[in-house]
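Labels run A, B, C and D following the written order; every chain starts at residue 1.
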Amino acid sequence: MSTDAPARRTYSYLGPAGTFTEAALAQVPEARGHVWRPVHNVGEALADVAEGRSDAAMIAIENSIDGGVSTAQDALARIPNLRIVGEYLVPVEFVLVGKPGARLEDVQLVSAHPVAYAQCLGWLSANLPSHQHVPAASNVASAVGVLDGSSPADAAIAPPGITAHHDVQVLARGIGDTADAVTRFVLVTGPTAPPAPTGADKTSVIVELPEDRAGTLLEMLEQFSTRGINLSLIQSRPIGDALGRYRFVIDADGHIFDERMADALMGLRRFSPNVVFLGSYPRADRAVVHYPDRYSDEVFVEARDWLRGLVAGEPDA
Amino acid sequence: MSTDAPARRTYSYLGPAGTFTEAALAQVPEARGHVWRPVHNVGEALADVAEGRSDAAMIAIENSIDGGVSTAQDALARIPNLRIVGEYLVPVEFVLVGKPGARLEDVQLVSAHPVAYAQCLGWLSANLPSHQHVPAASNVASAVGVLDGSSPADAAIAPPGITAHHDVQVLARGIGDTADAVTRFVLVTGPTAPPAPTGADKTSVIVELPEDRAGTLLEMLEQFSTRGINLSLIQSRPIGDALGRYRFVIDADGHIFDERMADALMGLRRFSPNVVFLGSYPRADRAVVHYPDRYSDEVFVEARDWLRGLVAGEPDA
Amino acid sequence: MSTDAPARRTYSYLGPAGTFTEAALAQVPEARGHVWRPVHNVGEALADVAEGRSDAAMIAIENSIDGGVSTAQDALARIPNLRIVGEYLVPVEFVLVGKPGARLEDVQLVSAHPVAYAQCLGWLSANLPSHQHVPAASNVASAVGVLDGSSPADAAIAPPGITAHHDVQVLARGIGDTADAVTRFVLVTGPTAPPAPTGADKTSVIVELPEDRAGTLLEMLEQFSTRGINLSLIQSRPIGDALGRYRFVIDADGHIFDERMADALMGLRRFSPNVVFLGSYPRADRAVVHYPDRYSDEVFVEARDWLRGLVAGEPDA
Amino acid sequence: MSTDAPARRTYSYLGPAGTFTEAALAQVPEARGHVWRPVHNVGEALADVAEGRSDAAMIAIENSIDGGVSTAQDALARIPNLRIVGEYLVPVEFVLVGKPGARLEDVQLVSAHPVAYAQCLGWLSANLPSHQHVPAASNVASAVGVLDGSSPADAAIAPPGITAHHDVQVLARGIGDTADAVTRFVLVTGPTAPPAPTGADKTSVIVELPEDRAGTLLEMLEQFSTRGINLSLIQSRPIGDALGRYRFVIDADGHIFDERMADALMGLRRFSPNVVFLGSYPRADRAVVHYPDRYSDEVFVEARDWLRGLVAGEPDA
């Protein structure tokens, strides 16, 4: 029996503490008590994994307020040997914070990352019509600058999680102009067997089309539809080597351990000059995947047995 | 060690000797020296095989002048445990024959099966404008009746093969109105492993559509097109249990031992409430099957290996 | 100005009086009191129309007991300027008839067209096990020969309609081996505006595929499925000019006056090197055509109006 | 006859002068000499058009460095009565600028919009390893702050166009980490007839899928592929009213005045509960659209004439 401490794992995320990405990482039970490594952008986070500095990286993948979603998609397409093992949703909410004791009516200068500032402009116009904007480098740097005096601002726009890390006074909550906004994050590791299916899984792939002609996109999608697989995301991204060449980022309902998904993946592999399998993993919303009965595992197994009988010359069942 | 003579096999065919079906059977090297069993119709021939009275049956399957092609298709759909193992083409030609010594200019009464008669009407109108038709029960019975005097006719319409079995005088050749007409025959056995692929094979199936709605036929055909498989025959046949329900008789290019065909067959099996596999066998015309490289066996094997690697969590190749 | 009686129309049909084809023609109210012209085969009937000898022809088009259905399809594909204007179903039933006073127990020789004979073989084997077959040229000639003594037979197999034309004794009814068998007939004219839609119509076309490659059949069928149109018949027929080239005989649910059908027909015309429009006409079974609401005429009209607005630069509705 | 000066038009764009968006607007000949109205974000620019304050708005639509592309797509989906009338490409290049007389070796503090900063990090790490980042509110505010002393920074990251508006010293050119990066902009107006086709056009639409089930996306894409239309962009965007409901942003090759595109648009309109037509306009890259001959205008016109003849009962051509 070993007396060694269990190995500590390292998780890279867009830091510093208090970002939306950190809020996503906080949803990962396995990450608790391990090393959380703040980095400056998605590329750095994925490079940490690819080059072995980290065991996993949490990155924003859709509708991010921390920026850079198409950057994330392009990096996943380019860097080999990455696998998504989990998906997490973080509500995009903002709070206005000041130093302890600060009051809303005294606020004149508001520190904010420009993207966050744009998303709170409606509230600011209505509630602080005479305010002025002091740009900040991130959604956390805004608050830190107010606290340590390195910014001239009286208040800062920050994610709600800021209160866990800094002794701030919350002046207003829910100041974002879009209620119910959510950012989707994924946890990325190196090559690994996919996590066990839960019945509420998705599979992510990036698929290059064979040629730039009408019909190849259709042919690609038939790989899914002919197996009863629904897509929750499809997005074209220019490949970048020549005008008009596209790859597609796809999230499909189901798990690689499902017969229909395995069959579709093989179909894609045969069809496409380049398929990147990003992983099968539980959906953040836990929505159970529904599909017609005729695409169940039993049906696939039965068809395989039937074929085997035909090849062997057996009588019809 | 046995001293027995090798077992003799029995082949059923639409008789009697001299029919087009016998001409097809004469193309089968393995049938020589074995028992040829003449029967009265396709149903009887297939029943012989299904019930063990014969080892194989030769039947017309397309464009038959001996009649009954849709009957053949329906019988193949209905009787289980039949397999097509070979395909044969017989030119549909007719000769006009009489007793030895007969002369064309003396012919007044022409004995002929009504279907053959209709196919030679142009020639008869031009060359024997004042002739009259005496119906016969088959393309051989016509000639036999003339020879044995049981028919009042002076001449008979018969297949060219009649001369091998009966001492007739050929009065005219090539009297059919359609040059180049060909009938397609298939050799049918009980359950057996398919004959080895030759590169010039076809696969026959009968597929029932799941429901009577727009789109299911399309979905069925996608099982082939998404694997690069061409169809040389597709024909709808009413199932007969309710108006508007159809099954499809299909000949597809390729062999069940081809990966793409095996994959398509499993797709059909999953899709359809009822698929009858009729067999994979060499094409009569020996036309090599061409298909895009991306549907080759290697591509299928490679995709399977790739999937296996993903499931095992291996790094990208 | 003429004082003549209204012009009499001429209808060609496979004769003589008493055939199944005549039974079909008897279902056409407009044909009553006009000239019915018996001919010897389908080709002759269609040529009568094409060359102006007749106003219309009744021909068997599916499951015919009078023979020649693929002949009919090929003739419709080849002869221009024909239009189907009506569809009729005739039950395929047979009766055994003799001279007045004849008795079933005395029958030894049975006169029958060979195709009809094959269809009654079960009944004959059971009820007249020691009978012999005397072939006849048609389903009517069989009975006529018995009546006038030109055939040695004691009885004849004939359609039930024979009793309307000849003074025969019916010895047995319903002697066909397949109950509920039905033959489908169509009434064919020269070029004419289609009969008014009834809501229970079908449209018949013959479509040549552009090339012999996987996918063109699919593409052709999409012309229907993308407009919500169901097919009740699809049949491949060799074109005949080269091996492996096919045309497709298609019956589609709906009328050319339906927007979705007109749109599909134009799509076919653009797609195919050769489309033969055979007509839109009421279904014999009067089954109302159902289709998703989104393919209704209103939806097509609305889309056209919308497009017109876009082109004109109008504001969104 | 009027002696009035011609009416001046107003163009909204993401300001201030010097942004990439302004560089796009500078490519519009018709905009010269008219009013250029700088605004703070894409929403404001489009609202100006929708509410009549401006005649047109230039907005980034793909790969923007000024941020907010999915915001732009969502705004176009939501705000009615907008039309894209032109497309423009702007290379994404950055320069490092300082006050007149400044020298690169003296730079310690670099002012930059955070997104631009992330894109130049490679160059900065290599060439100014000990620099520090001072965030700025925009790509122009960075330089202005350096010039007017409101920022403590020694240098600013800015678009090359900054030199046209401000008296800056260029310290380095081409400092972006991605060479050849390009941002795509579109010029948006109120409802108007589309600009005349050039043969090198694209058509933009936003299409809602009817239901969340496998196959509807395929069905939508068939509207294009069955008319030989290629897509250069397809992107799914959550509709936002319920999880899993998507709309698709699509750029298709061709012009609404092309028969095939008009036909496809009507097909989309019939298919989708909601289609937003954004416009047909010349492609920025002037790449001529190629398509199979069978989708040419003549083919569509011919098919329409053919249908008209059928409906009228005319003889076959």
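Criterion: a contact is a pair of C-beta atoms (placed from the backbone, for glycine too) under 8 Å apart; a residue touches a chain by one contact, two chains touch by 3 or more.
No experiment lies behind these values; they were computed from the predicted model shown.
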Same or different contact residues where chain B meets its copy chain A, judged by the half mark: same
Chain separated most widely from chain C, comparing mean CA positions: A
Centroid spacing, where centroids are CA-atom means, of chain B and chain C in whole angstrom: 25
Interchain centroid distance [CA atoms averaged], chain B/chain D, Å: 61
Interface hub residues of chain B, defined as touching at least two other chains: 222
Topology of the chain contact graph, where touching chains are joined (line, ring, star, complete, other): ring
Pairs of chains in contact (touch as defined earlier), listed by label: A-B, A-D, B-C, C-D
Residues of chain D that touch chain A when the two form their complex: 40-41, 63, 67-68, 70, 113-115, 117-118, 121, 133, 135-138, 141, 212-215, 217-218, 221-222, 224-225, 228-236, 238, 240, 243-244, 246, 248, 285, 287, 291
Residues on chain D engaged by chain C in the complex (per definition of touch): 80-81, 83, 190-194, 210, 219, 222-223, 226, 256-257, 262, 265-267, 269-271, 276-277, 294-295, 299-300, 302-304, 306-307, 310-316
